[in-house]
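Report on the following structure.
Letters A, B, C and D mark the chains as written, and numbering starts fresh at 1 in each.
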Amino acid sequence: MRTAEENSDIFNKFYQVRERTLKIIEPLSVEDMIIQCGNDASPIRWHLAHTTWFFEKFLLKKFVPDYTVFDRSFDYLFNSYYETVGSYFPKALRGTQSRPGVERILEYRMRVENAISSHIDVLQGEEALSIMELGINHEEQHQELMFMDIKYNFFNNPTFPSYVEAKPLPTSKPGKMNYIHHDAGLFAVGHSDSGFSFDNETPVHNVWLNGFEIGDRLVTNGEYLEFIEDGGYQNPVYWLSDGIEASRKNNWKAPLYWVEEENGWKNFTLSGLQDINMDDPVSHVSFYEADAYARWAGKRLPREEEWEVAFSGTEKLYHGNFMDSWYLRPLPLAEKDKGSMQVLGDLWEWTQSPYVPYPGSSPLLGSVGEYNHKFMANQMVLRGGSCVTPADHIRLTYRNFFQPDKRWEFSGIRLAGDI
Amino acid sequence: MRTAEENSDIFNKFYQVRERTLKIIEPLSVEDMIIQCGNDASPIRWHLAHTTWFFEKFLLKKFVPDYTVFDRSFDYLFNSYYETVGSYFPKALRGTQSRPGVERILEYRMRVENAISSHIDVLQGEEALSIMELGINHEEQHQELMFMDIKYNFFNNPTFPSYVEAKPLPTSKPGKMNYIHHDAGLFAVGHSDSGFSFDNETPVHNVWLNGFEIGDRLVTNGEYLEFIEDGGYQNPVYWLSDGIEASRKNNWKAPLYWVEEENGWKNFTLSGLQDINMDDPVSHVSFYEADAYARWAGKRLPREEEWEVAFSGTEKLYHGNFMDSWYLRPLPLAEKDKGSMQVLGDLWEWTQSPYVPYPGSSPLLGSVGEYNHKFMANQMVLRGGSCVTPADHIRLTYRNFFQPDKRWEFSGIRLAGDI
Amino acid sequence: MRTAEENSDIFNKFYQVRERTLKIIEPLSVEDMIIQCGNDASPIRWHLAHTTWFFEKFLLKKFVPDYTVFDRSFDYLFNSYYETVGSYFPKALRGTQSRPGVERILEYRMRVENAISSHIDVLQGEEALSIMELGINHEEQHQELMFMDIKYNFFNNPTFPSYVEAKPLPTSKPGKMNYIHHDAGLFAVGHSDSGFSFDNETPVHNVWLNGFEIGDRLVTNGEYLEFIEDGGYQNPVYWLSDGIEASRKNNWKAPLYWVEEENGWKNFTLSGLQDINMDDPVSHVSFYEADAYARWAGKRLPREEEWEVAFSGTEKLYHGNFMDSWYLRPLPLAEKDKGSMQVLGDLWEWTQSPYVPYPGSSPLLGSVGEYNHKFMANQMVLRGGSCVTPADHIRLTYRNFFQPDKRWEFSGIRLAGDI
Amino acid sequence: MRTAEENSDIFNKFYQVRERTLKIIEPLSVEDMIIQCGNDASPIRWHLAHTTWFFEKFLLKKFVPDYTVFDRSFDYLFNSYYETVGSYFPKALRGTQSRPGVERILEYRMRVENAISSHIDVLQGEEALSIMELGINHEEQHQELMFMDIKYNFFNNPTFPSYVEAKPLPTSKPGKMNYIHHDAGLFAVGHSDSGFSFDNETPVHNVWLNGFEIGDRLVTNGEYLEFIEDGGYQNPVYWLSDGIEASRKNNWKAPLYWVEEENGWKNFTLSGLQDINMDDPVSHVSFYEADAYARWAGKRLPREEEWEVAFSGTEKLYHGNFMDSWYLRPLPLAEKDKGSMQVLGDLWEWTQSPYVPYPGSSPLLGSVGEYNHKFMANQMVLRGGSCVTPADHIRLTYRNFFQPDKRWEFSGIRLAGDI
């Protein structure tokens, strides 16, 4: 059971998170919130409505007696993929919708927030609070998605718009990569403390790990450029079969946001097209590229359990660059930062682990189960959060996941090896 | 040579047409101007910019010394398909662009209009005036496209928005269809008077026509429904091979905007979803459907020359319903309208004529030639204009054209036969 | 009414044509008769069965009392596209079928031939003889298709097999192209004599033609190479919009069977890969390429009626190279051939005329009507026959047709112009 | 080091396996060996050549001095996917090739076999023998593929041909499914004895397993039919998201070879279309279907390590139905067979384990590494072999793998659960 204080914390966080969503859209025009580039992204307008619909559908309709929905059509329009609560508008067509417009969606947001405020009393039960907490974390996930989608949309505009003014970066160098050694043994993995976690992080379970080593920082643009210049993209010996096929089909020659101009590579950021910084951790690579790079480098990607075990109990070393810093880009690891290992924040780190249920989890797929378990196929786990993840959203046990060919998430590479 | 008065008429028409474009977008939200449903339509935002770019590119840059373009990126962004003046942004992706936004495009419109006003003196030459006239007619064509695209976009929104309030319709019946007989002979076809025409309407040339008959009104929804209910869509005996293939692939069961609900067919209009009016001329059918319907009815579609010859010199009978009436939908032919044959206005009428160059035309495809001639393959000619065509834009010799499977234009069916 | 002699001619021709089909497959292995490269071609095995099914379905089943079909499954397997007589196996999958095998299909052929021989008496009626004649002409068309498909299949094999040994060619040069002038006037076009014709060649009808000129020979490889070397494939000014799109999508850089090797262009023929002969008429070009070439050359393609009128009554000039010569490739026009204008034989000649019904034809689409009329959309007319057309199959009024992007037929270019 | 006897065993097995390949094609016509239905299957002709090329390329060319290849074009034509030894002909087009024909490929087989026989002396080295052994196992895998492809090809022929005469089946019932319980613990998994194994089965490594239960037989057609009749295919609550998408896209309503006829389900087998036997283990289901079925049944699929550990040391219970029995179909488990658990043979059993490298394996992807490791993405592990697996090919540690939507392999379902 939560304490009264914990309950009140949840409501406080609710308001903070909802406000942060509005802060995110501040630099955007109405036009920016309508478009959708490709089938992975969603219009910002849709994120604003869907995160609100989640609270209306699963919280207000369920726990507030006689609650009247804001607009009956929203159930169809703003359900993402919950098969068990009804049909939903096709994802690929979200960017073809102009109505309801942004203003009406902001109204919807306010209306739902007000309804929650007015019914705090009936929302104090254990189950309601759990949904509330889930809804908050859900909206935080969509905040990250919003940054991913804004960046991708802006990149697909030939004028390369800027979302935020660039801030000066640290100038000292990241230094040589070292490897931390870890002995073999039986370890407990998964989320155990009393705080919030998603159901894919539990239950805690044993796993045997052979001895391994893991890098003490992320791979940099400069290091990745060597792979490119060594013909890494063309040499099948480094690639998984599906990987080189994806690479050829999509004509990959560099990470997603690298743009080759006459005088060298540029890097598209949320501050527009920038000179590339070779000390930045390399970002926006697919699993296939990360895997190929690791093989080229004579290493491999870490297993998700290795990653979790290696960094467990070393919280002082995380020192993350999250959304909260409003850099909205990964930062180079400066020498003075030593002590940090870029574990949490900056970039999600690809692991070599397919996204599967933890032993002992009960993958009921209905409703709440649809949140995570039904996606447990054909995806790879990423760990650690990124520069567009809210700081209070991330945990060491957090399991993010994307298909191995996806590149619009803020993903990076950490190396590992057998010892 | 044009008279001074004719010159001044051109400039007057320029301002009228430009203003009409603004009138068209008045009921739209910013959101409505961004979206693009399908590859045939374009965002309204894009129409606003492209029609302006046409004047800037072909008029101002050519005839105004030291003219400075508004924004250099627009040449790439708002060129539609003129291969000979540079590359252009892919059509299918126009709906993924939020920048430049609507406000900046309206600025662009004003800036170009002002530039034209400020340089009236240098734009009085024969060639400049011809381009001016072409640009005006070009923008009128895009006005029709805007209505087509707005209707299509709104139809693709599950909430079925309305663009304009519905007006009451005439209630009397269209009456039985009669056929006008026309004797065989050698006829001159094509545009001959001194007014404006597109290059695809000339030169005047001879054509031999066998005797034929042609309907004195358009086919109605009620008549078309009989075809549907007789299994016309399923019976290959009425269809061209490509037609039935398109019909199966797209799962056609009725005209584009017909929506089957529990208690019967509805018709989506620019005033939202309406009860279907059986006396309306049937609209938004493809050439394939028009052709199949005609064969089912024991008739055929007219050749474009038959159409032109049959209605030549009967101007008093046209009595059209154009964009200017602001009904923005075809009207049923009321008995009291008799004397009209729905020739001009209401709906474009499919002919059985493929769109090819007239004998004696010189199809240079560069620049201006790109306007029409390069599209002379795999399209069919339509005649007569529609309820979203500006009244002063249409002529009896006007040749519109669409691929035979297109349905989002305001197209209808007139029957003909051999005698 | 046919005379007894004419009747007997039909039966004689039946046996000759059937025998010729067997001659065509003589150099093929069983394997060669199974494969299908692409959706336009069909397996040879299928041609063998389908041409036989035509006689069984439309002749034997209709006119021979108590006729027992050879195999009931063949009705589904070997119907090509006759919607009105039942469903049919998908064309694109014909190459996935190994049963019935070649031997059984040859048995089928013999069985049907024997059945016809045994029932000559009941097949002497006007209608039966008409079907017989249609079936013979149908099989002749498939003989041409067999050569087209064999060539295409062999070309898609990296070992470039040869079907027939190459024969020596004439060595003298074709000489300069001259243009025959033709005055304007009203002309009768279409098939009129008592011999066989397809329904798409009738009725005879009037057509007005402006004065025109037409080339006295086909365009050669050498002339076409100039177009290529002048950047003709890259310059949009010569191309129809659909044409340059097809050209880019399919990466066209030369006619279909041209292969660029280190020391220049080779030409794939039914005798394998050969040095290109610059005096050969250029072959295996699409309508789009023919049209672009003509525009580059400052000319245009002829209308089908111009072609027919220009060469009407000049039979002595045809002098064709048909399948019967067993060269199975177009021949260069030698000087000593002067007097010939390569009109019939050698290559089908693209016209600028879309394939539409002749005025006055009654396009009933059922059964027999399915033979031609239902394909009258999105195709262009070709005239004149080719080096793989049987000599006794062709006429001046014969209308062949293909989609404008097709290149596996034996097609060439004749130029025309306005005067 | 192998003993002389072991060496000689390898050569003996070589001849046996090569001969078995010829036995497999005995009932086939030349036509049957050419076709390819879909992109997963390959023509039998290609299997015959490719398995031979493997010996020529990796054994003869490497170990026999001055070896002359049979045909230089075969390196391109019959390489499957070994990127590091050169380019290869596109897999999807294999069925479009008629040359080299079957006879020439059989010649190729003999020539390579003779070359090996003639050079036994130089092939006695450790490395050569390893390649030899790999080549033998490789050909055995292709033998299974040949049965999969023959079945699939025949199924795609509307006449449903039969490959082998059906044999009578046992009639007694399989009885109730029981679950074997297994305690939690740390277990060694992977191939350890001195016999042959693929590199994906090693190294032996520790794995912690929670306590689990596992079914003592495969799921039957009758049990699976209950899932179908309960609406299992339509209810998203049982399905992974990618699974229900695949199911909808491919219109799955039952296992691959089930055919619904008026009087119920039939089952297509290598003996043609048969009445379905409800006691047969259900076969030809995708991972997605197996996973959905398990969830519907309140169970889950086993992890591959659970499967291996559960059945380790119980060899007496395997009692398999392999290719050798020439039933070529899974057999129902008769009561009198009790003691068997259908572990090896009958059907490959889907596990819930993605196909990833074992800890400690060194995934060099070049040449030999291409054999297995480069496919370690987006596939699921299957265990146990099938009725078309050679008996001497299978092991308890054997890891087969297919993409989760594949169904043409002989796959079945074994249930497991947590305890």
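Here is the rule we go by: a residue touches a chain if its C-beta (ideal position, glycine included) is under 8 Å from a C-beta of that chain, and two chains touch if they have at least 3 such contacts.
Just so it is clear, the structure is predicted and the values come from calculations on it, not from any experiment.
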* Structure fact -> Joint neighbours (subunit C and subunit D) are none
* To do: Name the chain whose C-alpha centroid is farthest from the C-alpha centroid of subunit C.
  => A
* To do: Quick one: report the Å distance separating subunit B from subunit D, using the average Cα coordinate of each chain.
  => 60
* To do: Report the inter-chain centroid distance for subunit A and subunit D in whole angstrom, where each centroid is the mean of the CA atoms.
  => 38
* Centre distance in Å when subunit A and subunit B are each reduced to the mean of their C-alpha atoms -> 47
* For subunit C, which residues are shared contacts with two or more other chains? -> none
* **All touching chain pairs, where touch follows the definition stated at the start** => A-B, A-D, B-C, C-D
* **Parts of subunit C lying in touch with subunit D, wherever the complex brings them together** => 29-32, 34-37, 45, 73, 76-77, 89, 93, 95-102, 153, 156-159, 161
* Asked: Once bound in the complex, which stretches of subunit B touch subunit C?
  -> 81, 83-84, 186, 205-210, 236-244, 288, 295, 300, 303, 352-354, 356-357, 359-360, 362-366, 369, 374-378, 404, 418
